[in-house]
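Quick one: this structure, given as structure tokens, is what I'll be asking you about.
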Amino acid sequence: MNNIFEQHESEVRGYCRNFPAVFVSAKGAWMTDENGERYLDFFAGAGVMNYGHNPDKLKEALLDYITRDGITHSLDMYTQAKRDFIQRFEQVILRPRGLSYKLQFPGPTGTNAVEAALKLARKVTGREQVVGFTNAFHGMTLGALAVTGNGFKRAGAGVPLQNTTSIPFCGFMGDDPDTLGFFEAMLQDNGSGLEKPAAVIVETVQAEGGVNVAAIDWLQRLRDITAAHGILLIVDDIQVGCGRTGKFFSFEEAGIVPDIVTLSKSLSGYGIPMALVLIKPEHDQWAPGEHNGTFRGHNPGFVTATKALDYWENDWLEKAVAHKSKIVHDRLQAMVKRLDVTASIRGRGLIWGVAFDDPTLASQVSQACFKDKLIIETAGMEDQVLKLLPSLTISDEGLTLGLDTIEKCLAMVLHRNARHTTETAEMAETVEDALISA
Amino acid sequence: MNNIFEQHESEVRGYCRNFPAVFVSAKGAWMTDENGERYLDFFAGAGVMNYGHNPDKLKEALLDYITRDGITHSLDMYTQAKRDFIQRFEQVILRPRGLSYKLQFPGPTGTNAVEAALKLARKVTGREQVVGFTNAFHGMTLGALAVTGNGFKRAGAGVPLQNTTSIPFCGFMGDDPDTLGFFEAMLQDNGSGLEKPAAVIVETVQAEGGVNVAAIDWLQRLRDITAAHGILLIVDDIQVGCGRTGKFFSFEEAGIVPDIVTLSKSLSGYGIPMALVLIKPEHDQWAPGEHNGTFRGHNPGFVTATKALDYWENDWLEKAVAHKSKIVHDRLQAMVKRLDVTASIRGRGLIWGVAFDDPTLASQVSQACFKDKLIIETAGMEDQVLKLLPSLTISDEGLTLGLDTIEKCLAMVLHRNARHTTETAEMAETVEDALISA
Amino acid sequence: MNNIFEQHESEVRGYCRNFPAVFVSAKGAWMTDENGERYLDFFAGAGVMNYGHNPDKLKEALLDYITRDGITHSLDMYTQAKRDFIQRFEQVILRPRGLSYKLQFPGPTGTNAVEAALKLARKVTGREQVVGFTNAFHGMTLGALAVTGNGFKRAGAGVPLQNTTSIPFCGFMGDDPDTLGFFEAMLQDNGSGLEKPAAVIVETVQAEGGVNVAAIDWLQRLRDITAAHGILLIVDDIQVGCGRTGKFFSFEEAGIVPDIVTLSKSLSGYGIPMALVLIKPEHDQWAPGEHNGTFRGHNPGFVTATKALDYWENDWLEKAVAHKSKIVHDRLQAMVKRLDVTASIRGRGLIWGVAFDDPTLASQVSQACFKDKLIIETAGMEDQVLKLLPSLTISDEGLTLGLDTIEKCLAMVLHRNARHTTETAEMAETVEDALISA
Amino acid sequence: MNNIFEQHESEVRGYCRNFPAVFVSAKGAWMTDENGERYLDFFAGAGVMNYGHNPDKLKEALLDYITRDGITHSLDMYTQAKRDFIQRFEQVILRPRGLSYKLQFPGPTGTNAVEAALKLARKVTGREQVVGFTNAFHGMTLGALAVTGNGFKRAGAGVPLQNTTSIPFCGFMGDDPDTLGFFEAMLQDNGSGLEKPAAVIVETVQAEGGVNVAAIDWLQRLRDITAAHGILLIVDDIQVGCGRTGKFFSFEEAGIVPDIVTLSKSLSGYGIPMALVLIKPEHDQWAPGEHNGTFRGHNPGFVTATKALDYWENDWLEKAVAHKSKIVHDRLQAMVKRLDVTASIRGRGLIWGVAFDDPTLASQVSQACFKDKLIIETAGMEDQVLKLLPSLTISDEGLTLGLDTIEKCLAMVLHRNARHTTETAEMAETVEDALISA
């Protein structure tokens, strides 16, 4: 029955090619396909399902809202549901962290939030250039794509991407070279050919880019440099915010305060499209309606997003993430040691990447896992990194089951490759023998 | 209680400034605020609620889907809900119209659909320029904004908008001048300074731009010119597709077949964010994943969108729109005649605009209507056009009630303005008298 | 001996392909090749030799200056030669015409003058867009190329040309349509998608573009529109200034005063590279050195340019041009009538174009003329216009000789083509006969 | 009499503000002003007068050519003078060095040569991006400006400069960091956000940028990297070619062969505007006339340029430069040591820079020297480098006289500054005393 898709859906479809099941339902860490097969989900909808699929409390609130004909679509008019969310977000997230931000609801996608952030930064500073980082991912619309590193996606623009400059992310040049020193030198020399940018946009952990983790002091220095030069710092927390690294915001650990923050993905907590731009009050220089969009006011999203904030009333989730983070880290370390495979393991909270020296391994393991009913994606420009992104609410058993599957599949793949190599070698020997004896 | 919004929400908020109620629920053509006040909706969420708010059959399907934990978020993996939509769309919409299109699900907003369409057109043709029209509106992300006419929104980009050219829409130069003749002449002369574009993007009725209606033969000629020069024709049917002009696609009446069509807004039928790009099979040259986005697979949208297609199994809705279209048109004509106000009345199906000669009238009428519990917006660069956009399923009574309100408010505004002018004049006279006698 | 060129000079070389003689010397209206053959020059170095080749008075001044080791190269330091030029230009050109301009000496080429003018207009207005015209030619560097219409030259940029818009020149749409009305409408509607430009740049007669003559009232209206909207008007008088249309500036006849004027080509009067930007004092907002260039101060150019201003001390040259203009016009009219060839004849002063209905004729005539020792070029995007550009100082005899040659060659070409058509038809008949009888 | 300039010449004039004499004549290393004052020239017209002012042999050839009415202006038609130059350049410069280049004569300025080079590189590779270096200077027209580092000049563009990326020049990050390693890493990672460029453009010594000398092995590695990635290497030898570093081309010492070379400034040897683009035959993919310009064929330039090649028939000049280079280097070293001033001294051949730790010193010394009748410029973004650029043919006596003047003026400036500091300190003490006793 997949030929319906093949026949009628555009060739642009992607993930379905690696995970070709037809899904029907989902709950917590599990997804079920049309044949009743259950898959353990270590992908979490690319970071959308931090609280697991269809969490019951959010589901209840959502069903209740729909049942009583709560207004669904309101553009940017006022609604009760929106007010509840704003109040709750202020109360549970911002105030306890000592943060003061204005909330902008752009179109309900990450790329829209990024476009709004870039526009605003350019307006506030009156400058046009924006600096992004190697292997960054910020979205597919032209403005966001211009600060995205991926050469394949960039080429898709069909036009030159302008008014942006890409500089090396933490660790891009290996351990030693000082990537921010380079940036600082360019800023200090008015002959550098780098126009003073309106903003720097950064992910604290580059998820799509290969689970590249910015060091805490690197983030701090970035904040210092941008502050010193009057450059706005935008943290794109779309994929690793909402608790993915343990705390609600991924930048909390560094103790920095960005000028603008973008959120989306797990914000609604239920997979409902929603996005948010947080703006320091002094930078909220938008004219009314200057950036708009049809689906800025999708109230079911406000409803579940408000309910999702219950997770942040205490430190239960943060502790749970820390606990599971250690499980994942230790297990991955042990795994590569036991299987004697060279790999760099990196991550924070519940986002982890295994960058094998052999860049083809990650895809092979991902494919093997899928056959074994574990959904796990790769990341990085060449899909060279196995990316673990389970829901934050996964049980220890679920987590262990997934890690077991990964280890089993990795072992299998290594064995198969070794055999293949051996067989190829043996075959080659046979052929050589035959040639020699001839 | 609106100070929650004023205090914490960004200054970018817009509609809430004109319609400052706090809404709670909505049904059909009516919206209810937190004080229990009911508002008749002649705005329909900027074209999102073509089938009215929370239509029961869609609501049932949605509740059922959520209740049984249907998968919510699936990126672009296969799901049953998506397959059902594709099959149904093919069966109910495309096949009966003899149309053959591949379906791309971009991010769930109109601007994302436009960005995808522009990218693809550039890729397919290998050209960079895209032509749009005066007073067009295609979205707020950089690519879509570059083909949007509105100078205020364009300035918000903070960077020059590139690789696009704006040419006059049908009627832009008044009745006579041949706006497409100008375009054709530019294309035919290789010294014109206009690079041959990848695509032309057009709305058949410019809704945001002021309810500017393209003549049928103008659309046909545009299709002929683009075809003759190997330029792709993109019809942006986001606001006036899904039955707004009577037929499902707004271009059907012209008998033309665009190369690419963008849909969103009323597509899900329930206010759930969803978008669709229709691509002629020969132009479906996307590489897998070349354009992506997190919320491409929001299954509740597939569910209600599938159900919404029931409206198109027969010609009931089309006939209903034709019937109501005539009611609106005749009433508006009579109204301006009776009240002796000069205005141009234009529209198709159930999108109508009243462009008063006095550009300030539309806003005054809109405000007066809101006080009288009718939600009706303005359009055009200077808000000079009163825009009627009721749901297609509104009852005749509801429609008449709204038109009554408009007429009443228009009369009141005219009277007030006249009185004000008189009073000002009288006051001036008094002052003059006083000065003279002094 | 031309194989030296073919072997070592780049394929980019152009005119030498049409006029493949190797020239040695030149005087007045005549050029002499290495075989001693003399050619009558109706091209005047693309408008550089308005006063003829190597005019004696300028030559004397130049020899004297070089002989006494006058400083040749001075960047933009002060020199006596430069001061003499400035004083003389002020005295002979600006003051008598009531014009008040500051003089900028950019790099000594037309394209450099245009680049300086565009930069300054953008700086003064703080806007980025510049409007140019269909079939305009302003130069080959990226800024000037972006306001040049020629599609072949534009494609040579290898990047999209940005921040400019091309609008129809006078007559582009035939006699009737109001090309400036279109521009004015775009400016008046803030939703037109045309950003308010910094400047409009125009040639009063498009020489390269096909000898397209702007009507006097069209120029006046352009000045009115730009003034009303605070847009700078740049007249690029590089090819048709310095007397080509009769008066020193080509815009004098229209009685308009541009904000910026660019001059080059015949400015030095001797073929020495030199360029000049005239700037209304209130727009002279350059910072020192903001636009520079090595050869801004080539003093031999100042010397001959100063001497060339002697031509403008009285109205002798202006009258001579008027006299010869009539000779050319009348003769061309008579010629096409006598030879019964359909063509549009247009021009001003001593720039004339014959646009034959058959677009291939102009090149054929040009080639035939060269064989008959007359150098005459074609113009227009498809070389469809025969362009007459003799020096302004040519004798009546020289002028008549050239016109005789043109008429003779045109007659010959027409006869040859007619014969060829007949022969082809006859040959076709023969072949048909043969086939039939086979 | 300078008020003629102040009144009528644009504010853009620059050098005349630092060197406000009115010059009349020049010979060899000397310039004479209208008062008969003679100035020793250590600036050489920004690198135009490598062979000194008005060298006799070139002057003779020039006078002879003009006297016999040699053709002055020929666009890109063939002339005897041009053929002589091509033959002689091939024979004296290219063949002995084993170089095979096609010659393109663009407009007669450096920026035009750079624009042509960039266009061609983009055409040949089909790519749009070009990489330039920090503190590079390539010209003022938009294409060349986009690869120029100077922030002040870039801002003058008035539009964003596109399709270029600036990377650190040799030594930009201090001694250690590997600036080309950074570039190579960006090229190797397809997720770096740096599109593979069409070309890299480089000066082997950045003259305007502050006399920054690229190390020989750095140049070699740049050639290796560009070759490995199929990127064209353009050496802009406009300021430091034609013998400035000793050999005719500045890149000879590195043993590399660029794909494209640009020359201008001292090419004509007499201050006559002339430029040349050298193109590897396989890259000569220009279509005829694809890049053009009015003054491509200024024959007096060909005449003196041909004659100037006599300097390169033997190694006399190269040896002379080496000899004088040592004199300058040793003297500068001794000078800063003796005067106990901290400075970095760098250069090659006869281009030398003194970068004082105190960035204000260079301008002070330059001003003092001018009063002492030595013309010497500063360089670098903040004019922080004293730039020695005497003609290559200067006598040892002249050279020593100039160096003496520099030393004298530097000593004077240092003394004055010290006294000023002391006086300020003394005055401060006095004030403090007064305050204390109060």
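Each chain carries a letter (A, B, C and D) given by its place in the written order, and its residues are counted from 1.
Note that a contact is a pair of C-beta atoms (placed from the backbone, for glycine too) under 8 Å apart; a residue touches a chain by one contact, two chains touch by 3 or more.
Since the model is a prediction, treat every value here as computed from it, not as a measurement.
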item	value
Between the pairs C-D and A-C, the one where more C-beta pairs touch	C-D
Interface copy of A-B among A-D, C-D or B-D, judged by whether over half of the contact pairs recur	C-D
CA centroid of chain B to CA centroid of chain C, Å	49
Approximate Å spacing (C-alpha centroids) for the pair chain C, chain D	33
Euclidean distance of C-alpha centroids - chain A vs chain C, Å	58
Sequence positions of chain A contacting 2 or more other chains	128, 152, 159-160, 162-163
Residue numbers on chain D that touch chain C, as the complex places them	1-2, 4-5, 8-17, 19-27, 31-32, 34, 45-49, 53-54, 59, 62-63, 66-80, 82-83, 86-87, 90, 102-105, 107-112, 115-116, 118-119, 121-123, 128, 139-144, 146, 152-153, 156-159, 162-163, 198, 238, 264-265, 270-273, 277, 279, 284-295, 298, 300
Chain B-touching residues of chain C, taken from the complex the two chains share	128-129, 132-136, 147-152, 154, 160, 162-166, 168, 172-173, 177-178, 181-182, 185-186, 189-195, 209-210, 380-382
Of chain A, residues touching chain C in the complex	159-160
